[in-house]
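Here it is, the structure in full.
A, B, C, D, E and F label the chains in the order they appear, each numbered from 1.
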Amino acid sequence: MAELTFGVFSSLVGSMSLDFSFRLADAAVAKGHKVNIWLSGNAVMMAKKGQKPFKDYSYNEKRMKELIAKGAEVTVCEACAEARGYHKEDTHDGVKRASMDWYLAKTVKTDRLLHIGGE
Amino acid sequence: MKVAVFLSDWRRSEDTFERMKADKMGVILVGNGIYHAVTKENGKDSPVLSKAGAQFYVLSDDLEIRGYTAANVNSKVKMVSYGDIVDLIMKDYDKTAWL
Amino acid sequence: MAIVKVLFVVQRPPYKSENPRLALTHALASQTAEIYMDDGDAVVPIVVFVGDGVLNVVKDQPAMKLYGVTSTESHIKSSLLIDMPIWVCKEDMQRLGLKEDQMILDSVEMGGELTTKFVSFAEIQKEMEASQHLLFF
Amino acid sequence: MAELTFGVFSSLVGSMSLDFSFRLADAAVAKGHKVNIWLSGNAVMMAKKGQKPFKDYSYNEKRMKELIAKGAEVTVCEACAEARGYHKEDTHDGVKRASMDWYLAKTVKTDRLLHIGGE
Amino acid sequence: MKVAVFLSDWRRSEDTFERMKADKMGVILVGNGIYHAVTKENGKDSPVLSKAGAQFYVLSDDLEIRGYTAANVNSKVKMVSYGDIVDLIMKDYDKTAWL
Amino acid sequence: MAIVKVLFVVQRPPYKSENPRLALTHALASQTAEIYMDDGDAVVPIVVFVGDGVLNVVKDQPAMKLYGVTSTESHIKSSLLIDMPIWVCKEDMQRLGLKEDQMILDSVEMGGELTTKFVSFAEIQKEMEASQHLLFF
């Protein structure tokens, strides 16, 4: 069992980068790895509660909650969230909020880092 | 270094990929990056596939959602699943680069 | 009373961005825009796929099965079903090595009659000139 | 006085397309034009209440409210908003919510349409 | 047609601009499109500026925020304000195209 | 106890996207990451600008005056102030016609001592090899 940390940046609702990250995280957990996920920039949209599941959009909420239940740590960038008007009470249960240093600290112990920086 | 490079765009806006060297490089085509595996623009392979010494992989889900199948994939490129990508990252390469 | 031609132009590939989907859903919305318009006014949309945008029209996109989302294909078929023109640039198909039998051709299975039209860029240019507004995605 | 309608799509917090649109709208209103703004796709982020003004992000809320006060119509795509978890009560006062046909209907009477479709 | 074309990218992913014809075309460079007005890559003007018959404009705010000034702007390109762009759209051209 | 080198690589121009800014703010956060780390652990960041990313380092960006936002310039200066290395690829500057005197060179006016380093891609390649993690923006 090794540790894999994701950094997901600037991903959009409607693009598939968040889908990719959560599916790859799922596959990693299934293989017994410890997973950490950092959501920053526009990727903090993922952690907003109350998203209505339309068929036109992929809906990662269920997968995210299952990942957390299986021990994955999911943390959103607090400043990025506040700037978009997402407050503590808007955040899904189980999702942590932290400042960017949380992500930097993870780089020390994690075996691999997959930093998805594009849009 | 042994690096797993992810390409997720068809029209790329960086040239780091062309310049980067590695002892071992795996190029994992995901998202719109899959078009490098299936499209011959003006009859030619994508220049991405001419990266010397690299191994090429394409995520099958991202290929299929765009209407392509194994039959369309360039013979240089191997189809992989999410699980395979986890193994590539964790076992075959020591760092990743999402370009 | 005004009949306004509006051209939706999709220039980029599917799924990475929401854009091609938004082009189709907005074009479809022209059908229900009456409630905001005066009697006799109408919006007449055409959706054209040019450049790498033609990649949206490759058929057999199992998006619901693989990712749980509506495919761009199903939006194109819905458009054909309500007789909204779908045009695809021939030169770009050729450049990208796409043959007509790889493309979404109709929505017969849903009962649609209109078929996808494969056109030259010159025809698209003509339609740009004839349209009052251009919406590039 | 003429009418100018903006369609802003997929614009991000952190990019400058929203800034561009609101500034151009401002300039149009100053010249006596009637302005309509349609926010769709990720551009609906603009209409979320409670955004904290950080210096790292441009803050268009004040400008948007002034535009509305001067007679500009600002409408967000209802489905795009719900999919992102922005409900009626999250929307700024003065900002309307409507379905996409609102935007299509505007194309009939508007003198010019500036459709900003990219990211 | 008389069309006001907006370019907001430096690395463009479409070629509609090259193919589109107009009786009158104004090319308005905004956002990262401003680099077409100030950058000579490998000593050469941006190919955008060779569009036949077009008038070129660059938004001064978007130029200046990136550290450039009028002194850097290609002589083919006129600096404009937001107000000027409104007039271009409303008076000089009859439709717009944000590519 | 581990000292981990982390390389931030900015490849795209400023302002259109939040990415270059996020590269710098995340790199700066390495200074306060101790609270989450064991004694003796440390993260050592370098921020390099390559490709069109070098356009971020052009000086005199009046972002606050024009758009009311912090400039990428001020983030670069803050980085230099806390002695975080800022590297810029020389070959890309040459390709884009940028001279050193057009670039952000230091943060002397804030009291900083470190200066921007202009390097070849070969040096960046070497640093990629020496770093444990690569973060491309």
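Simple rule for what comes next: contacts are C-beta pairs under 8 Å (C-beta built on N, C-alpha and C of every residue); 3 or more make two chains touch, one makes a residue touch a chain.
All values reported here derive from a predicted model rather than from experimental measurement.
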item: Contact-richer chain pair [C-E vs C-D]; value: C-D
item: Chain separated most widely from subunit B, comparing mean CA positions; value: D
item: Far-end chain from subunit E, centres as C-alpha averages; value: A
item: Separation of subunit B from subunit C, taking each centre as the mean of its C-alpha atoms, in whole Å; value: 29
item: Whole-Å separation of chain centres (CA-atom averages), subunit D against subunit F; value: 33
item: Centroid spacing, where centroids are CA-atom means, of subunit A and subunit E in whole angstrom; value: 38
item: Averaged-CA centre spacing for the pair subunit F and subunit A, given as whole angstrom; value: 25
item: Sites on subunit D at which at least two other chains make contact; value: 10, 12-14, 16, 41-42, 56-57, 113, 115, 117-119
item: Residues within subunit B bordering two or more other chains; value: 8-9, 11, 13, 31, 61-62, 95-96, 98-99
item: Where subunit C touches two or more other chains at once, by residue number; value: 15-18, 22, 25, 52, 67, 132-134, 136
item: Residues of subunit A that touch subunit C when the two form their complex; value: 12-16, 19, 55-59
item: Subunit C contact footprint on subunit B (complex, rising order); value: 8-11, 31-32, 35, 39-43, 61-62, 64-68
item: Of all residues in subunit A, those that touch subunit B in their complex; value: 2, 4, 16-17, 20, 23-24, 26-28, 30-31, 33, 111-118
item: Residues on subunit F engaged by subunit A in the complex (per definition of touch); value: 2, 4, 6, 17-19, 22-23, 25-26, 28-38, 41-43, 45, 132-137
item: Parts of subunit A lying in touch with subunit D, wherever the complex brings them together; value: 10, 12-14, 41-42, 45, 48-52, 54, 56-57, 79, 82-85, 87, 90, 119
